[in-house]
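In the two assemblies presented below, chain A is common to both, partnered first by chain B and then by chain C.
Right, the complex of A and B next:
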C-alpha cells in the first residue's frame, strides 16, 4: 500500500515536471505556444498511430460514457453508432453514450458509482471530492501522459491543479471559459429610456440610484429579482469570497487574492455583513422583489415576462449575447464589477474505479478533446436531425426548421463536453474565443486555487452548519431579513453547529497545502 | 344507529365542507393556471379566475405529443399490467397464509412481516435489480421492483380473508368435491371482491403515481412514464441551481409554469375519472372486517 502511494507520488512529480517543461509561463509570447501546439499535434499523430496499434493488440471493448442533458433514445443510438465507427479504428472499441437530464443525473450517477456498475467515463454535476474520498473514481496520473497526449500538450500546469487530489491526478479538465466576474445584468431598453449610464457605474451606490430611477418610472416592475430564490447566482453565493477547497461557503477566504489570508467563518466577514445590509436596505426601499427568497421562477423568465429589470449573475465574456437570448430576445447589458477570477478547469471528466478499461477511457477523452468530428458529434448530435448548417465554412449552425433548443432531440450543453472550442457555434450565439482568451489572461488566480478540502473529519459539523445556512442565509442575501437582528442569531447558531471546527480544520489543511506547494 | 341531533350534523357538515375546500382549492388552482397565459401568470401570480385565458400550454402538449402521449401510454400499460400482476401475487400469497392448515405458517408470516419492516436499502436494491435481474432500461424496470414490495397488502388481504371467509364455507366446498384451485377461484375470490377492489385501487394508484423507479432504473427517455417526465420537468431547475453549473445553462429553455400545470392536469385526470367507480368498494373493503367482527 505504502509502496504504491510512493510510486504514485513519484509519477505525479514526473508528470507535473514534464507538463511544466511543455508549457512555459503564460506570459511568454503566443507564437511559442503555437509552435509547441503544432509540434505537439504532429507528435500526437504519430503517437495515436501507436496507440491504435496498442489497442488493437487488446480485446475489443465497449466503452460506457455518461453525460448531462436530455437526448432522445434513438438519436443517442445514432450518435453512439457514429462514434463507434471512429473509435473502432482508433481505439478498437465501441462507445455507448448515455445522457440523462439534470433532474435525475445526480441520483443516477451516485447509484451507478456506489453500486460499482459498468461505467468508464463521466462528468460529475457536483464537487467530485466526495467520489475521491469514497474511492469511487480512480487516479489516472500514470495514464494521461501516454493515452491523452493532445490534452497534455495543450494544458497549462495550473489547469491540472484543480484535478489533483492527494498528489494524484483524478480528472481531465474541460477546455472552455476559464474565468468569471461578478455582474449585474439589466434591460438595455430601460437603461436607454432613463439615461442610465451602466458602463460607467463606479460602485453599488450608482447601481442603487439607477434602480431607484427604474422603480419610479416603472412601478409595476421589480428592479432586482432573484434566480429561483438565489440572489447571487447558484447555490454558492459568490459575492467576492472564495469557498476555498469545497463549495459550501461556510469556512472561506474573505479576500481570495490575499497571500496571507486566513480562513474565517463566512458569516462573520464584513463582506457578508455589508452585502446583507445593502440588500436589506434595497428591499426596504422596494427595489427587490418581495418574495425573492421563495421565488421559484428563473430570472430569465421574469425578465422575459416584463416583470423584472435586472439580476446579479456570474459572467463570462459574451454573457450579454447569451442573456439576451435567454431573456426571450430582450436586449440585455451588464455592469461587471469585482475582480476577474480564474476558475479554469473546475469541471472535468473522471474515470470510475469500476471501469473495465481506464486506458481506453482516457484515450477516448483525448479523442473528444482533439478530434473535431468526434467533438461535434458529442456536442451537437447528428447533422440534419439535430442541427443544420447556416455557414459550413465557418462552422455556424442552427436548429432544423420547426425545432428549437428544447425540441431538437439532443440538448446542446457545449460546456459540459471536453472541448467546446472545437464545436460549431449556433447562429447568433457565436463565442469569440479571442475575447475569451484575453479575459482569461486578465484574471487573477485565487491563492487557494487547486486546494482541496478533505471534509471527512468534520462531516457532522458541515451538515449541521448547512442546515443553519438554509434557515437564514438565502433570506439574508435576498434582503428579506434584518441583518442587525438576524446575523447575531445566525452566528450564534453557527457556533453551536460547530463552524469553528470546520474553520480550524480547513486552516490546518490549507497551511499544510501551502507549505507543500511552496516546496515544489 | 342513533339519530344524531341536528346541531351536531350541522357542525360536522361544516367541518367537512371546510376540509373539502382545502382539498379542492389547490386542484382548482392547478386547472385554472394551466389555462392561463404564461406571462400573465408570472406578472399577476395565480388566481382562481383566469385573467387571460389561453390554451397555449395544451397546444404545447399536443405539439410534443410524440413524447407526452408515449409517456401516457407507458403509464397506462404499466399501471394495468403492474396492478394485475401485483394483485395476482398478493392473492396467491395471502390466501394460503390465511388458511390455518398451511404448514410452517409462522415462517411464511415472518418472512412477510420482516421484509415489511426492514428492507435492503437503495443501493443493494439497485445492485440486485440492475446486475442480477438486468431490468435497467426495460419496461420491467417500472413494474417489477414494486411487485413484491407490497407486504402490507399481503397482510391486509390475509387478515381480511381470515376474518371474512369462514372455515365452514371452505369445508363445504371441499365436501362438494372442489379442488384447491376451484376453491380459490370459485369460492374465495368472489367473496373477497371488496378487498380485491380496494387493493387494486391502492396498487393502481401507486403504479400510476410512481416516478422513483423511473428515476433509478431508466436512463433512456423512450421508457419514461408521464410521472417521470413531469418530475424531471419540475426538478430540472432546482437540481441545476444547486449544482456548480447554474451559470452555464439557459434557464429559459426549461418548461414554463403553465406547461407544468397542464401536464399535472393531464396526469391526474384518469385517476379522477376512475376513482368514483372504485370508491364504494373502497369503503366496504376497509370497514367490512370490523363491522362483522
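Right, the complex of A and C next:
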C-alpha cells in the first residue's frame, strides 16, 4: 500500500514537471487567443502572492471538490495529488477531487448536500435555486472580489446576473460557450451513405423522412435514442420553452422572447402537446428505441456501440467536435433548429454551506479559472495516461494509443470546468473560439434572463408536481405513452398537485421583477 | 438496605447485562437517537440555520402529502402488496416445506434445500436485471421468444402498469419462498415422529397426516412469522419496488410505496420536509399496526402473542 502511494506520488511529480514544461512552452505561442486569460493571470500575480501569504497564516486544509463526468478512482487520486502539489504552495491546502457520472450525479449531489457531508466546491446539474432556498449553498458576495480576482476582472456584468439570488452572489460562472440552440445530432457516415442533406432540413418532417430512410437501410440501428432515459436533456428537457427563473419546467414561458408572454403550465402548451404527439408517432413507427424512457445507457455509448443513429441535444458552437469525441470517434454532425439563445453564465460553481473554508474554495475556483496548469489537470487528467501530446507547442493533444474519449479513464467535459478556454485541444477537434464568439453575438437574450424564482411559498406544490412529472413527462417525451390519453390525465393530476399556485406565484414575481428592472 | 438486596440478587446477572450492552448501545444509537429527526417533518428546513433554528412549518408538509392522491396511492400499494406477500408467501412456503419433508432421498433433499435458497441470496439489483432480461421490449426473452411464438404483438412491459402487480408479486415469491420454506421445514422436522406413527396406526393416509399433524404443528410458527410480517406491513422492500421496475415513470401508480416515495422526494425533488412527513406517517401508522396485530392475536390465542 505504502509503496504504491510512494510510486503514485513519484509519478505525479514527474507528470507535473512535464506538464509545467509543456505549459511554459505553449504559453509563448498561444498568446494571441489567450491573451485575455494570460494577461489576467500576470496582472494577478502580485495579488495571488498576497493570497498565498494570507493562506499560509491559516491552518492547513483539504478542499473537497466535486464535478461531473466519469473517472477512474486511481486517476482521480493522481489528479488530486498533482493539484495538491500546486495548491500546497499557493493556497496552503490539499485538494480532493471527486467525479461522478451523469446518471447518478444529481442524486449523489443531493445526498451529499442534504447529509451535510464535507464538500467545498461543486458544479450543479441544473439551476441551483432550490439549494439557495434550502440554504444548502452559501452566498459568496464578500469573497469573490478578494479571493477570485482573475474571475472578477474577466467577467461582463450580465454574466453575473444568473448567479445572483436576492441580491447576493452565490456562484462563479464558467468561462465557456454563452449561447445554445436546439439540435439533432447524427452519424455523418450514414448521412453520406443515404444522401441525407442534414444541413438543409427545413422542418421536423425532413428529419422524419431521413429517419425513415435510416430505419430501412439499417434495421439493426435505432434512428433516435434517449440519453439515459431523457429525450431532450435531463433535469431541464428543453424543447424551446423557458423554465423562467428555475429549472423545474412546471410554470414556463412558452416563447422565451415574447415581451408580453404570460407564465403558463408547461403541460398545457401547444409546444408540449405537439412534441409529445410527434414523439409518439415516431415511436409507433419504430423510429425511437423501445424502452427509451427506462434506457440507462448514454446516447454517446449507444452511438459508439453502433446501435444508434442520432439524438436530440442542446447545442453550442463546436458541438459536432465534442460529440464526435464523446461518440468514440464516430464523426457526428448536427441539424440545428430553433432560436439561438443567450445562456451566458448559466452554469457555475457553488460553495455548499457545509464547506469548512469558503475562502479557499473561491480561491481554488479562481486558480482553475486562470492557471493553465491547473485548468488542464482538471480538464484533461494526467499526461501519458489520459492524453498524449501531438503538438506540445500549440497545446494539441490526443488520446493514448488504443484509447478514445470513452475509455481513457478521465472523461473530458471541458464545459463543466471553470475555464475551458485554457484547455489543450484534442487533435482534429480544435474549438474555434472566434466562431463561438460570433455565435454568442447572434443569440437572443430571453426576456426573463436574470429573473430568479423564489419558490419558498410553493415548495410543497412543486414537490407534488414533480412527482406527477416523473410519472408521465419523461415517458411522454420519449414517445412511450399516447399523448391523447395521457396528457389530459397529466394535466388533471397537475391541477390537483397545485400547478396553478406555482403559475400564479411565478407570474406575480415575474411582473414585479419586470417592473423593477424597467425602472432601473 | 433494599438496594443491597437488589444488588445481591442481580449480581449474578451482571455478565448477562454486559453481553446485552453492545446490542443495547447499537439499538440506542441506530434506532432511538435518529427519532429526534422526526422533528424535520414539522420544519421548513434551512441548512444555513440548522434543523433546530429552521422555521416551523406546522402541518403544511402533511397537508400536501394528503391533499394529493399520492398519500392514498402509496399507502394502498404498500399495504396491499405486503398483504399479498404475506398470504401467498406463507401458503407457498408451507407447501414447499411439507413437500421437502416428504422427500426421502438424503442427497436430493440437500440439493433442493440449497437450490430454493439461492434466489434469497441474490441482490435485488441483480434481480432487476434478470427481470429486465425477460421483459426488455426488443431483446427480452418474453417478447422475443414467447410472445413471438404465439404470434402476439410485443408488449412494452415497462410502460404498462397493469401487469406489474403480478410481476412484483411473482418476483417477491420467487425470491423469498426458499428462505421461509426452510424456517417452516425446521419446524416440521422438529415435530414428534410419534404423532405420525400414531396417526399411521390409526389408519390416516398421507393427506390426513399432513392435515391433522403437520399443519397444526406449524400453527404457532405461522402465526409468529405472519405477525412479524404484519408488523412490517408499512415498510416495503425498497429494492423490489425501486430497482425491479427500473424506476420507470408510467409504472409509479402501481410501484410507488412509502419507501420509494420518501427516497424520490429526498433525492430528486430535494424536499426534505415532505419526505420526513411521509416517513413520520409511516412510523406512526406502522407502530399502530403492530400494536393492533398483537392485540388481535392476544385475543385469539394468548401464547402466540409477541408481547
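FYI, the second predicted complex is superposed on the first by the 305 of 520 C-alpha atoms of A that agree within 3 Å, B and C clash if a C-alpha of one lies under 4 Å from a C-alpha of the other, contacts with A are read in each partner's own complex, and residues count from 1 in each chain.
Note that in this section contacts are C-beta pairs under 8 Å (C-beta built on N, C-alpha and C of every residue); 3 or more make two chains touch, one makes a residue touch a chain.
Just so it is clear, the model here is predicted, and its values are computed rather than measured.
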Would you check which partner chain A:111 touches, where first means chain B only, second means chain C only, and both and neither mean what they say?
both
Of chain B and chain C, which one touches more residues of chain A?
B
Pick one for A:135: touches chain B only (first), chain C only (second), both, or neither.
second
Quick check on the superposed pair: does A:472 touch chain B, chain C, both, or neither? Answer first, second, both or neither.
second
State whether A:461 touches chain B only (first), chain C only (second), both chains, or neither.
second
Please work out whether A:228 is in contact with chain B alone, chain C alone, both, or neither, and reply first, second, both or neither.
first
Does the superposition put A:50 against chain B (first), chain C (second), both, or neither?
neither
For A:480 in the superposed arrangement: first (chain B), second (chain C), both or neither?
second
Mind working out whether A:126 is in touch with chain B, chain C, both or neither, as first, second, both or neither?
first
Using the touch definition from the top, say if A:102 reaches chain B (first), chain C (second), both or neither.
first
On chain A, positions contacted by chain B and by chain C
106-107, 111, 114, 116, 296
Using the touch definition up top, name the residues of chain B that touch chain A in the complex.
38-39, 42-43, 64, 122-123, 126-127, 130-131, 215-216, 219-222, 231-257
Can you name the residues of chain A that touch chain C in the complex?
106-107, 110-111, 113-114, 116, 130-131, 133-136, 138, 290-291, 293-294, 296, 353-354, 456, 459-464, 466-467, 470-475, 480-481, 493, 496-498
In their shared complex, at which residues does chain C touch chain A?
44-49, 60-61, 63-64, 67-70, 136-138, 154, 156, 158-159, 246-250, 252-253, 261, 264-274
Given the complex, residues on chain A that touch chain B span 68, 70-74, 76, 98, 100-108, 111, 114-117, 125-127, 180, 220, 227-230, 233-236, 247, 296-302, 304-307, 313-316, 322, 325-328, 346-347, 404-407, 411, 413, 415-416
